[in-house]
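Structures incoming, each one as structure tokens.
Across the two complexes that follow, chain A remains constant while its partner is chain B and subsequently chain C.
Then we have the complex of A and B:
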């Protein structure tokens, strides 16, 4: 963790147009929650539906993508990463710092709005709000690590990330149930299920698989990102 | 003393091809760029992989028609069913059309030629429209040709096919205008991809929730309007009004009746083009 690198990264992410996108998604979630409440449809079934279909499976992967690739991909694109890498800071430390920045942004823009939306809808009933907040937090951290790695490995990180989140996790996951076992958002839902006892919420991934998988993916991706950055060669744009 | 300055440069006295030619050349160049033609193989992977995914349902559909005499996805519902793939294509490729010129600030170079801002934007929108249209219309046409060859019992669904192709064009125009307008707000390709897909996902993920809420609280007529917030369902509702096809919304829910959805479609296309024009008026001044 290097505070100067963290400060630069925060400024680059929050001072530009990227923050509009980071704000748009959580605001939409809270607006939907307010709408549901205003029309008196705020029961446990709709809340779980909103959390599953919007918070975890739409908002979170996109936020992960914007924050996770946003901490490093623009610098690689512009070539300014050279200035950072030529400083006497260990490259794995740079990768870890950037990961912490992305993870903290996901906690602020992903987990907190999810908790607020849950509270708005049903208060503290059956621990749904807390459960989904914890689920989005953990899954968000894993997304941050994976998309950070993707941002270092390829220049098409955002496109590949979208294809992973939309085609693999949503389309293929809905057709072939076994795919859910290899999907970050379902690991997060498994954690959420553990913390809430709502009868409307069921997940199909066991907690004993989800927790080790989350840890392995997160730690593995951050370590690999550090390794990739150590042997990084800056190539020209196509 | 003019001979001092006459150092032998020759004037160009060949044919001047004019602004129409330049605009056409720009459009063709942009269209090639969308599919990565004339660029390294890495740029071709994503567009052609998505095009391959789009053609798969029509292959399955032809096989079903040949083997069990049953139609696959109806022509009128193809774009709605495949909307995620079309949206990813739009998001991934729209920034390649507009981002590099903004990023390397070459717009003044284009504008120093006879091409004006209107023609530049027009060429870019035309290229993106043709690309999205081809993405949707080619699988439709393949299925239709397959239907003719397989010789299904009963008359071929020519009317539905032609209607679907016309709607594919309108959808392509709407998506191109909005996709390019969103992508042109940033010179970074990654951020452009993210912003287009964010807007699409906001519209596709929130519409069923809004519809369900309004419907279950007894506002059936207001609920129908929710579908118009998503471009694919909006165009499907126009198709429903124009050609009387069945709605392809989730569980076949009703659309608002009458020409209102067509008016929304026209307004949205105009809004997208206006946003692009405004954006480029500003970008050209830099």
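Then we have the complex of A and C:
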């Protein structure tokens, strides 16, 4: 972890319009929670539904995409990354720092609003708020790693990321049940399920699979990102 | 310190960008001269560890440059691309470079570097408000902040106004005299001539010539020149010119004479003399290949 790299990355992400993108979805989640509560629909079934269908399956992958690619892809695009990489800092350290920044942003803009929305709806009932907060936290960390890698590997990270988030995680995941096993958000749900006693919430991915999978994907993506950054090539306009 | 390139090639798919280049860049100022698209940036990126050679090796005092972040303790890089965070002030940008180098006194180092490029006054403005020349100078300051023995600059004078250009030229010369190893690329001969003690010419990815500016200049003026001449009597003038050794060949064309002069200086004296003696009036004398591209293509043909 390099504090100068982290500082510049935070400024690049939070000082520009990207922060609006990061705020939009969590604000929508909290607004929905407030509305449901105002209309007296704040029961456990609705809460679990909102958490499953919006917080962890829509908001989180998109936030992951914005933060994960956002910590590095724009810098690669405009060449500012050279400023960091032409210094005696190992490239894996740069990749790890970028990952930590993205992961922290997902915690703040993903997990915290999820917890707040849960509390607003049903308070501490059956550990649903805590469960989903933990689930979005770990899934968010994994998304940060995967999308960081994607941002280094390809210049079309956002397009590919959206296709992944929408087609693989949502569409294919809903049509072909087995795919759940290979989906970050379902691993997150598995963690959430573990912490929550709600009868309205069941997941089909075993915790014994979800935890190792999350660790392997997160660590693997960060390591690979470091390796890819070591071999980073400037292909000039010539 | 020395950068050594040994049989370095780089290709992208079927396109060869740099072809079997061997050269050593030692202390002093070296200019890497070549037309646009000659592979200067590609070569410079390989020296800076931002591109792997497809063949051959690039080393800095014997240690390979590729995948070796330790080289940046000794190298300062000024890339051609903007590469400056617009949301930082000039001061923050240079200070961040000093911190990334983990210097003992980053504040003092940043202050000194900004003073070197005369950017103290606008240092608290955001980089996005800077002119291209100011951005260029801030980049130079960031590259100099750790006082590296090796400095690589890619087209550093682009976008600078004449005063800034002179200032940077002075700065580069001074650092070269102080024993730093400096390499900068440019496609303008005059620029290179004024700053570099040594010139390496790159054409179409190949190392076409090497020497001090006098040698390079001579190569470029002593080459055969092609002139297009229109006169009151082309045929008569052609007959008279062809008698002299400095004329390599003449072709008569509907729009005038095309004359190949083998010795530039002698021909330049010969032509007006002959015209006067023969009573031929010259309407137009224009060099047909005076652009840099043809100078370079002459060099590359010569070297093969």
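Here is the rule we go by: the second predicted complex is superposed on the first by the 234 of 238 C-alpha atoms of A that agree within 3 Å, B and C clash if a C-alpha of one lies under 4 Å from a C-alpha of the other, contacts with A are read in each partner's own complex, and residues count from 1 in each chain.
By our rule, a contact is a pair of C-beta atoms (placed from the backbone, for glycine too) under 8 Å apart; a residue touches a chain by one contact, two chains touch by 3 or more.
Just so it is clear, the structure is predicted and the values come from calculations on it, not from any experiment.
Overlay on chain A: chain B and chain C fit together in the combined arrangement.
Using the contact criterion defined above for the overlaid structures, shared-chain residue A:73 touches chain B, although it does not reach chain C.
Touch criterion met: A:32 reaches chain B, while chain C stays clear of it. Using the contact criterion defined above for the overlaid structures, shared-chain residue A:8 touches chain C, although it does not reach chain B. Think of it this way: put the two complexes on top of each other by chain A, and the tightest Cα contact between chain B and chain C is 12 Å.
In the superposition on chain A, chain A positions 238 are in contact with chain B in one complex as well as with chain C in the other. Chain contact summary for the complex, chain B toward chain A: residues 39-40, 42-43, 46, 84-85, 88, 91-92, 185-186, 188-191, 193-195, 197-198, 201-202, 205-206, 208-210, 212-214, 216-217, 219.
Interface residues of chain A facing chain B in the complex, by the touch rule stated above, are 17-18, 21, 24-25, 28, 32, 35-36, 39-41, 46, 49-50, 53-54, 57-58, 62, 65-66, 69-70, 73-74, 77, 156-159, 162-163, 166-167, 170-171, 238. Within the complex formed with chain C, the residues of chain A that make contact are 2, 4-5, 7-8, 11-12, 15-16, 78-80, 82-91, 230-238.
By the touch criterion given at the top, residues 12, 17, 36-42, 45, 48, 50-52, 67, 69-73, 75, 77, 79-85, 87-88, 93, 96-97, 99-102, 142-143 of chain C touch chain A in their complex.
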